[in-house]
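Per-chain residue numbering starts at 1, and chain names A, B and C are given in the order in which the chains are listed.
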Amino acid sequence: MTNQPSPNAQFVPFNGYHQTQQGEPDWELAKVGAGTVCGEYLRRYWHPIFLTGELGDKPKLIRILGEQLVLFRDRSRRIGLVHKKCPHRRASLEFGRIEARGIRCCYHGWLFDIHGAILEIPGEPADSPSAKKIMQTERLGAYPVHEYHGLIFAYTGPPEEQPPFPIYDTFKLPDMVMTPYAVSFNCNWIQVLDAIVDPVHTAFLHQGQFSDGLGELGEIQFYERQKNRIIGTAARRVGDNIWVRVNELILPNFTQSGAAFAVDGTVEKYFGRSAFTRWMVPIDDEHCIAFSWGNFGERADPLEFNTPEELQRIEQGEPINRSYRQKQQSPGDIEAVEGIGAISDHQKEHLLSGDRGIMLYRRRIWRLCRDLAAGKPPPQPTDLAPNVIPTYGSDTVLKIPQPDGNDCPALLKQINDQVMDIFFQADTLEGADRDRFVFEQLSQI
Amino acid sequence: MTNQPSPNAQFVPFNGYHQTQQGEPDWELAKVGAGTVCGEYLRRYWHPIFLTGELGDKPKLIRILGEQLVLFRDRSRRIGLVHKKCPHRRASLEFGRIEARGIRCCYHGWLFDIHGAILEIPGEPADSPSAKKIMQTERLGAYPVHEYHGLIFAYTGPPEEQPPFPIYDTFKLPDMVMTPYAVSFNCNWIQVLDAIVDPVHTAFLHQGQFSDGLGELGEIQFYERQKNRIIGTAARRVGDNIWVRVNELILPNFTQSGAAFAVDGTVEKYFGRSAFTRWMVPIDDEHCIAFSWGNFGERADPLEFNTPEELQRIEQGEPINRSYRQKQQSPGDIEAVEGIGAISDHQKEHLLSGDRGIMLYRRRIWRLCRDLAAGKPPPQPTDLAPNVIPTYGSDTVLKIPQPDGNDCPALLKQINDQVMDIFFQADTLEGADRDRFVFEQLSQI
Amino acid sequence: MTNQPSPNAQFVPFNGYHQTQQGEPDWELAKVGAGTVCGEYLRRYWHPIFLTGELGDKPKLIRILGEQLVLFRDRSRRIGLVHKKCPHRRASLEFGRIEARGIRCCYHGWLFDIHGAILEIPGEPADSPSAKKIMQTERLGAYPVHEYHGLIFAYTGPPEEQPPFPIYDTFKLPDMVMTPYAVSFNCNWIQVLDAIVDPVHTAFLHQGQFSDGLGELGEIQFYERQKNRIIGTAARRVGDNIWVRVNELILPNFTQSGAAFAVDGTVEKYFGRSAFTRWMVPIDDEHCIAFSWGNFGERADPLEFNTPEELQRIEQGEPINRSYRQKQQSPGDIEAVEGIGAISDHQKEHLLSGDRGIMLYRRRIWRLCRDLAAGKPPPQPTDLAPNVIPTYGSDTVLKIPQPDGNDCPALLKQINDQVMDIFFQADTLEGADRDRFVFEQLSQI
């Protein structure tokens, strides 16, 4: 909306004194530690926590959801994820010795396996009843992990509630090259997550950073599906074409969009897939980390973009380590979201129609958190499809000449709806069957 | 006072155990944030906040009186000072884009002018009633600024109480070269302000750093005028001359003294003016910054001292960036006041007659703060003279041979009184008229 | 104790979610500031606080038991230890000027002597009654110090309770070279102190870092003597020899053990003495510093180990400044104790028989702290012997072939007891007399 300034009767210029700067964060969403409302909700899902390629022969001290943990691969090649401190005298297992059966504390040699069992207490007499009792009743806190395509995932919730590891359709696209990467943000996870269902920021913050045409705002719509999916679409006119781009969030933190560079709306395309497949994982209340695959190949961005530098641009629009001057010159997502501060004062936000996706997903998380607190487990992505879970993040470019030389928003909205309807209809199909169905339907719009 | 140690009957040596080290700060003076007693009082005045020469084509994130603000010059050359965060989704305007009409948020392109008006919300439909409403009812916190002689001043108090920008006599001295500078202190503003009405520290801390003769303590007197001026004078005997130096504080934080290097008492001088014209501006409770002009020319220090290095010496007696060893060897004001800690424990002070100026100004601020809390606005420097405000910071050296070969303190005190009386009588005069009157009267002492 | 993992019926693998990571520290022992339970107890003893060799011609700002203090040697060569801040306007005395009679504050020239007396207030008139009163009634907090063998000791407790400076036998060993050193730890003093009466960690953490043979666990026993001594012994079989190593803690924080490199059990030795004579001194709740002498000569480690590098290895098993990778490769004491965190969550410990020394000394400190709070002063090391205090930290290697080719623990235990009994019997003897008695008795085992 553009208006002339309206210094009307009520307008008081230079009124900063009468406006409080600081407001309250939405603590219910912002806090991620054990025992917090949202922390408990987040603990019901698998999250990527490390890059396989960075796990060598020494333990790694990491922080996830506010917990300090030690990750290691034992000499039997099993990956262990355990609490940081030895239950004996609290030494850090980051200095532990890795062995075939697990990890041995550096201080007094207690040996633990990846399940958390205490296998040896070597400093005690062989017949010590107190040592025997400890080995039977105590254990090291441990979590299950799952290694997949170069990312290590963990589940840190109640073991009796462990959900299946979800396989999304984009994990299985033929000929797709998936390159794992991680980017850290010095701020709360919510304010980074916000951007995925915010197609407006793409047209402003990222102007000139991705494909031409993304600088155009387009007609934006939001969809909510199956209590855990928030979808934002933007339909843009490019010459004789209409370009529908779909951003998606599967709760709590799985995100996909369209291509970063491959599509600009000038060439017809059916169901091109996401530049990234990405999880926004909380480290603690004031830090988070995007674990992701950059996707390259015919269905996503060209293979030439598969470099460390371009992965940074796919993640946030610009390279990451820049001078303050460069950041001011052309800010990326990191500048936008970290500039807000460690935890945003959500109370002071003024959300408008372009922020509807944000309102939808936050409200949905609130509801799911409260349901969980009341004893009702949150939905899992695998609820929709037990094998391969359909996702929608994509670009579709359809040849639809302007009916009378001037698009009405209604037409763009209608195309958004039609494209999403085709995707939803295909939910029960998999792989090539689904693609065939979607392509055929799209060709008939 | 010099005495032999008096390990009298009551003296317990090595009694540190029975003496508490830590005391309470005077929180009423020390706290400067919005809503605090002294913070509200300080907000009733114009303060320098930035050097014009350092404001380029990008916004600057600054902190003043505990508030995070963004300063910028729009492409129409108007200077804006606004709250840090965009009212939409709280992105920092330090990454904003500067335009002809104001500053545009990097995240979603909201445009604000220097008055705080929201000029554009481009991400919303042209007919959006909610966007229209926000543009009419919400605004970005903004403050008026005034650029003067290379310093940018701001007023961050209630707009309905905005005082006139004060023009002091020293801004208008003919042929004076005024060089703006800024020096930061990592401590509360009060403990830096203290030094201006503390002529004793000049004789000890600054021994050998400024003019010879300042190492002599002299006869010290304090004057309080018009509820907002605290003046400290030191009269020193130098050969056949008596040198009267006047330090002044105009509340809350405007300070002047005599020359740093030009005067040593050996040569007669009438009403030489201050080495600096300086404000001690709180950044937050634990940091402050001296914004100042160094004054050079016939009435102040010689032009050859107009260098970045000498400005540092004028400010604190020594260069600023030195090794810890150098600081220990010859401490300056920064070592003295930062060594006290972030906020002094005023409760533990033992103030004596040389600290009377400090007691006077602190009590005066307390009273003005309480008056303000009770609804009575504090006095403005412009109350005394609406055009050019007379100030007193100065050096005067008079030929007055010793009456009987030995000065009595009474004579020095009398000279202090006579000199100040002449200055006070001249309060209603301006410029050359005032100088003429003062010179003539001084010549008759 | 070594066992097969017992994933028995009750064992829940990956049960981290149900185990709280964080527990409570033992605040009673961990807090060391003035007025805290353990802080008051610690203040009843002399502690080393600085290396003589590092005290030059400028004051030193230090922190001990949570207090910020300034240490200096005046021009009369007397060492002063005083509170950080000048009682006048709270300037830090680290910027003070050292003079023949004491230290002069940089700010206004107040002069203090090492006893805390205010000798001069030069900024006040000679006849000022208020200055005179301050000089008589106020003083700078000061503490007595004692310089000995390159270490500066201080007593910061109530002056009326100042204990004698304790002279331990190891200060007086003929031909011993004592090299002072200091090593800082970024954690609470308790978790560093723990290691001295923990012979088990020597066999694991320090495997390969000290003498061969120390990697063997041995038969461990603990002794408590005179309410302030905790002794841990380890008897190891080495060929035809039994090697008895004695570690000792004299409360609150004096520690000794055997040699680091000189003894490996293969050669007979009677009453070889400690590699170090060491105090674990709290800086504040989250930092401590080991002040120590490394001992070299016939009775301790060979003189060739008297280098800065080897002193670091004696202190913690490895050099101190290493890469994180090196620390992971071969952790030393610093990695073990700092890895625990700033203050351990003692509540989460699981102490076993090897930790009995730790339980003993902690309980003993608790009791002594409570006695002190109830008005009963804690025991002093000089209570046992007013002149030279006997200590036990040592190595003894006795030729005792295996009775039937296989040691029973009972024999090793018996040797531990016999050796300690001889030491205890010798408590009333001094110097060569004591050595002669001990040697003769040991030769008869």
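Operating definition for what follows: a contact is a pair of C-beta atoms (placed from the backbone, for glycine too) under 8 Å apart; a residue touches a chain by one contact, two chains touch by 3 or more.
As the structure is a computational prediction, the values presented were derived from the model and not from experiment.
*Asks:* Over half of interface residue numbers shared between subunit A and subunit C means same, under half means different, so which is it?
*Replies:* Subunit A and subunit C contact each other through largely non-matching residue numbers.
*Asks:* Could you report, rounded to a multiple of 5°, the rotation needed to superpose subunit B's C-alpha atoms on subunit C?
*Replies:* Superposing the C-alpha atoms of subunit B on subunit C needs a rotation of 120 degrees.
*Asks:* Just curious, how far off is subunit C from subunit A if you go by their C-alpha centres, in Å?
*Replies:* 50
*Asks:* Please output the residue numbers of subunit A that touch at least 2 other chains, ranges allowed.
*Replies:* Not one residue of subunit A touches more than one other chain, so the list is empty.
*Asks:* Flag every residue of subunit B that touches subunit A in the complex, lowest number first.
*Replies:* Where subunit B meets subunit A, its residues are 34, 43, 58-59, 67-68, 81-85, 87-92, 94-95, 101, 106-109, 113, 115-117, 119-128, 130-132, 134-136, 138-139, 141-144, 156-159, 162.
*Asks:* Looking at the complex, which residues from subunit C come into contact with subunit A?
*Replies:* Checking each residue of subunit C against subunit A gives 1-8, 10-21, 194, 198, 200-201, 203-205, 217, 325, 327-329, 331, 335-337, 339-341, 344-345, 348-355, 409.
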